[in-house]
């Protein structure tokens, strides 16, 4: 409403701006919850294998399908493996696989989106049509078929997650670039003869970062979702890896006798995804309040 | 009579007669709860509007005028509330009413007309159905009855072909038509109070004029009380009886329009009136009165008088206690404790620049020449329909000489912005060439050498998006210095400091981010950036139109000052004739991608005028209620640039059209006195004769703040014009159609 | 309008063609020799070669692609490698089953999602909005296999109200199958429910902030009238698109859910086919899914145009 707002009284520093952001996070409980959950699981991923009482593949023949106890907090599975230890080990797995997959998608997608949006014309047309084709395949289906063909190694899963999410990231970045590109500071840069690479990297990209950050966090939550679902379908990481989705899948056959085998990994997956989702939503509110949702 | 003064209910009587009051606002405070604490946006405001009175509430952005109106009718956002005071509508207490009771008042007894008509009409519902809602909800009508009523209302607001209009959707109607629809809707129930919130701000000046005519006419015939909110003093002068001036949430002066405009008794009102560029004087004649500083935020109000930090008359007492509104004349009230001294202060001679023979020595060397430039865009929505070309610019030629300003005026969509974007190379022209000091420039900015780039820089319209929000002010200015300025790296900070000083910004601002600046300050940074590499030509694309009046004035002054010291040429593009008049030496008038009139500034403002220029001039609301003017109005809206009318492109709207010839043949260029040319079928002498009275009042009024003496039409030779005697100087503009038009002028 | 329709149709066909190329390309990486798989491990080299020629596998790759595509278009979808039955009836049978599940889910989550989204928007920033939004986000984040297993343990194992296994008998009528459909339908709905709720809320909030909504309130119209005539008419427009675009998610959800409940749908068929590397089955069912998805996108586009006067009347 008011364009002619006078400047703030104090001179804000970057530190103060960080403090501002934290102040806004704090006032929004879901974001705080999300942040807490993500930090919790992140610590688990970093230190899990160190603090885990057993190795993920240790089989204790004498303790199969045991319920939660002091010995095995989350019980044991059909091979006598400690469920909690497997969860702790698996945290690192899911962060690495989903994280690298997301990173790949974000890097490639942002680059494509940036170039496509900035160059416009036939470059844009070509890139977008290609991505449209990728988008015409439902993600899980594409992931399944791809993994079925190339084999479900960790590396392949990362690649598949990356390929799958490149179009979404590219589209978001492109739309932001299309918006920023017409801003007058970009035109001013052109008028002083800046190269395309400078304009893209120094004028446009910094302004697209908030949107990219929000998009990345959201992609990350979808990536966990996808990796877990693939694990559950038996198309993800293969046994005996402590993949959470895989653990749920294996636990189904023992549900009558050992429901804990199922509940703990299933709960971990749900908590992690929901936590990342809440955090991502909070980031959207703070970093990119004008952005269209999804 | 341009202002409606009802003999029975004069504004004075309206103010005095309390029993007549329709809307009474007493001591109202409005507070917004925000994350940073409560904001007292409106404080202690009282006003009263009588039946038949039209009350104009003026103020700049952030003054709280809209908040006040919304608060009075209980339509604030959920975090806002009226915390104090009383509001009554013909005796009904509005603040105590329940939401349900209010809903029965809205529409029925309180009508509202909103700022942006294209946003205020539901896009998914036929216009007629939206109109019918009024009759059906408030008048208990059946569907058929309501439709009859709606058609009747549309007729009353002068809507052409109402039967067709009711079947349309919003996107099928122009802004002016939509505003008619909204006015019709508000008047359906014959409400006691009509609130108009900036009803013409979103419209083009010619449309604005037509809507204001309508408002004036309706106000003359209906007994509503009207609250008219605007930032434009000219509009108030045209349609209001009483004016209240709001500043930072308080009313600082109030009174009958005629009195207040003639003798304002608050320094802020004086400042506002002085900040408006006149149609009578240019930059060489006088500086505009700029109000320094900015409106304080409601959470950081100064002690005592809220205007004290910006007031030229401030004394110690002002800061001691908050002054109250006191009666200072018949119906007039001011909150300035020195109101007695205000007239004297206002009469103080304004800085009149002595420009005789100053600095114009290099004048005449040609800098830029544009030859027959055309820019066609492919039709929008590729695939839908045939791809017809949008002829945004269809053959414009122009010249700019050193140290000289070419002003380009026209309404939105006339092609003026496309034209300068082609000149700067941001857009590649379809045809035509741009020459800089005789050298042909590459069409695209990416192909131009640094040397050429350095010479042409731009200042953009919207300062909010013209600075990279991630860079500090220092960086923003330093980059072009490095890139184009050929300044050794070590000296860059020095140069940045000089530039900041040149645009009157404190050195400390170098460390700030754009979001920490006000709009006017941002635009100063943008100007510093444009001047960083000492350009020869700065193209200004509506550089002031998104800013408040008082800020506009200071920016126009700054631009004039920089031009004097650096000898830079400008191409100044604006829809605002007064601003263009103020800063330009030559003016070109654009309509539908072509030029229609060019000439030295003073010539543009006296007969003979091109019929389009005449209409533009006549449309400008002048901030002087005493002025009576002949009305020249344009009907309809600008035709699409896809289907350009045959013959004279202006013939579909031209009030002086002389017949078939206008539709058949392209009009010739006719040369008048001193490089003045007009493209029209009517001979200039004839035009001049019929326009003898067209501009009466524009020049001849008692100027409220004592601006420079008006220039009589026959002797009106400004400095700029005086020195531009050679036919080669200035922006020579020739039509693309060739010989017969260009004949009279040499040197092309 | 007709031009537009034809253009969209052409674009969709192109997209499906391109997708078929991708599917074909990917499946070329499948390990194992199809011909060898068909004739069995102990057949002679000659027999394998014969089958290869018979299937056209000796031809250059682009000919193989064209042959396969031609076969798909003309209805010759080949035989399943593992179960040795013709692929086409099998896929259609399962598609039919999946459609029932999808239909039931849509019936559940679309109205509910819209309702909750509008409700949250109306109560913006009030506790009920926060609760709905938080639940929506939570639902959208819990994978179907988790939801499904929780529902099974509560309603099938706990209360014993509904069956845990939904492997409906062939030829069962809808009413017979209904109890077995309920849990999977809910399972597959929740993610989309969260999504629809959220998107509806967002678009409704935006419309409620629009000038024309304010104008409608200030006309003194009753609240319900503002809501129905001015707000919903505009805010549900994007929701329609969202619903159809969300079909991609729904398909993913179906794949997982059918696995959880052992439901004989297309998703389960694909999972099995991928696990067993049954090439013709993978190709055919993927193509069917892609086509369904493409059609739903087409419908989304068309509905948007039909419902939006701004585009319709251009």
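Letters A, B and C mark the chains in the order given here, with residues in each chain numbered from 1 onward.
As a working rule, a contact is a pair of C-beta atoms (placed from the backbone, for glycine too) under 8 Å apart; a residue touches a chain by one contact, two chains touch by 3 or more.
Since we're looking at a predicted model, the values are computed, not measured.
Asks: For the chain pairs A-C and A-B, which is connected through the larger number of C-beta pairs in contact?
Replies: Counting C-beta pairs in contact, A-C comes out ahead.
Asks: Going by CA means, which chain is nearest the middle of everything shown?
Replies: Chain nearest the centroid of all protein C-alpha atoms: B.
Asks: Could you work out how far the Cα centre of subunit B sits from that of subunit C, in whole Å?
Replies: Going by mean C-alpha positions, subunit B sits 53 Å from subunit C.
Asks: Using CA atom averages as chain centres, what separation in Å is found between subunit A and subunit B?
Replies: Averaging C-alpha atoms per chain gives centres 49 Å apart.
Asks: Distance from the CA centroid of subunit A to that of subunit C, rounded to the nearest Å?
Replies: Centre separation, subunit A to subunit C: 23 Å.
Asks: Which subunit C residues qualify as touching subunit B in the complex?
Replies: 3-4, 7, 125, 210-212, 214-223, 225, 229-230, 233-234, 237, 308-310, 313-314
Asks: Hey, which residues of subunit A end up touching subunit C in the complex?
Replies: So the residues of subunit A in touch with subunit C come to 30, 132-134, 136-141, 144-151, 221, 225, 228-229, 232-235, 245, 248-249, 252, 255, 259, 262, 266-267, 269-270, 273-274, 276-278, 281, 293-294.
Asks: What part of subunit B is in contact with subunit A in the complex they form?
Replies: Counting only subunit B, the residues touching subunit A are 35, 60-62, 66, 294-297, 300, 424-426, 445-446, 448, 450, 453, 456-458, 460-462, 464-470, 476, 479-480, 483-484, 508, 511-512, 516-521, 526, 529-530, 533, 546-548, 551.
Asks: Of all residues in subunit C, which touch subunit A in the complex?
Replies: 15-16, 18-19, 22-23, 26-31, 130, 133-134, 137-138, 140-146, 149-150, 153, 157, 198-199, 202, 248-249, 251-252, 255-256, 259, 270-271, 274-275, 277, 282, 286, 289-290, 293-294, 297
Asks: Quick check on the complex: what are the subunit A residues that touch subunit B?
Replies: 1-9, 11-12, 24, 27, 183-185, 187-194, 196, 203, 206-207
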